[in-house]
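Order of writing sets the labels: A, B, C, D and E. Residues in every chain begin at 1.
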Amino acid sequence: MDVLAELTGSIGSVGYGLAAIGPGIGVGIVWAAYIQATARQPESAGLTRTYAFLGFALSEALALIGFVVPFVFGT
Amino acid sequence: MDVLAELTGSIGSVGYGLAAIGPGIGVGIVWAAYIQATARQPESAGLTRTYAFLGFALSEALALIGFVVPFVFGT
Amino acid sequence: MDVLAELTGSIGSVGYGLAAIGPGIGVGIVWAAYIQATARQPESAGLTRTYAFLGFALSEALALIGFVVPFVFGT
Amino acid sequence: MDVLAELTGSIGSVGYGLAAIGPGIGVGIVWAAYIQATARQPESAGLTRTYAFLGFALSEALALIGFVVPFVFGT
Amino acid sequence: MDVLAELTGSIGSVGYGLAAIGPGIGVGIVWAAYIQATARQPESAGLTRTYAFLGFALSEALALIGFVVPFVFGT
């Protein structure tokens, strides 16, 4: 058997890793904004909570799609 | 059997992963700005909501296009 | 055996490395926001602590998923 | 022996390198926030010190996991 | 001997290069925060100096580990 490179594994894990960079930062930014806004105006906590969870979910979804993508394109 | 590299998978998942970095951060920035603006000026929540969803959708679209692109160029 | 490149190892470690970039920054942003918010409004520490741990856990989870992913796609 | 590329080494060091990007920035953000918060409200130094060390440790851990990962997936 | 690619060297230097990105930014953030905090509250310089050096050292260490890692995994 000729082995031209001893690297092993699926490129799909690189795909997920790349897809997790943005959401990892984005989720942090959303919660940081919610923490600072709640600390300054505690009475706004209920008003902005919906958008904190919305922003978090929409950003996190991009990483979870990155987990599914390799199954679509072939692992 | 000649194995030129034991790496498997489609480079399309790497393409999606790269395309998801920007939107992951961008979506977080948009919602962070909306949370902080709403906490400070609660009366502006209705006025800026349209643009929060617009900004989110336009940024997220770039990642979703990255999901479709490999089908166009070949997986 | 012909070895055409002397690179060794599994691409899975590259996948984890990429997946750790975003959470590494995101976790820092969350705690930085909690530190600054607590220093300015010490009375808000209890109110925002839940969200600091929530934001940290949701961001960190993306890196831990990156640790598991290579087992799913093949190391 | 046919050597088609003279690159040597383990891809594991690339994995660690990538895993160190995020924590390198995240640790800096955490301590920067603690320095600025302490300078402005010196009386809060004791209150936020716990969270500065917590945030630092949780972010740094991601890089140290990146050091161990190649042993799991194969160097 | 057939050499099909004229790239030479060890991938370990790429690993160090990547590991230096994050600390390079993080160390800058720490000292920038110390400079701005000291300029605004000169009386806090002694109080925060410990944490400036602590934050710098903990971030810098990640890059120095990146220098040692290739010896562990094989250059």
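In this text, contacts are C-beta pairs under 8 Å (C-beta built on N, C-alpha and C of every residue); 3 or more make two chains touch, one makes a residue touch a chain.
Because the structure is a prediction, the values reported are computed rather than measured.
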Relative to chain A, chain with the most remote C-alpha centre: E
Distance-maximising chain from chain D - centres being C-alpha averages: B
Chain pair with more C-beta contacts, A-D versus D-E: D-E
Whole-Å gap between the CA centroids of chain D and chain E: 10
Computed distance of Cα centres, chain D from chain B, in Å: 25
Distance between the centres, which are taken as Cα means, of chain E and chain B, whole angstrom: 29
Chain A-chain D separation of Cα centroids, rounded to whole Å: 18
Touching two or more other chains - residue numbers and ranges from chain B: 4, 7-9, 17, 24
Chain-chain contacts as defined at top: A-B, A-C, A-D, B-C, C-D, C-E, D-E
Contacting residues of chain A [partner chain D, same complex]: 4, 7-9, 17, 24
Residues of chain B defined as touching chain A within the complex: 1-18, 20-36, 38-40, 42, 45, 52, 56, 60, 63, 67, 70, 75
Footprint of chain B on chain C - complex, ascending: 4, 11, 18, 22, 73-74
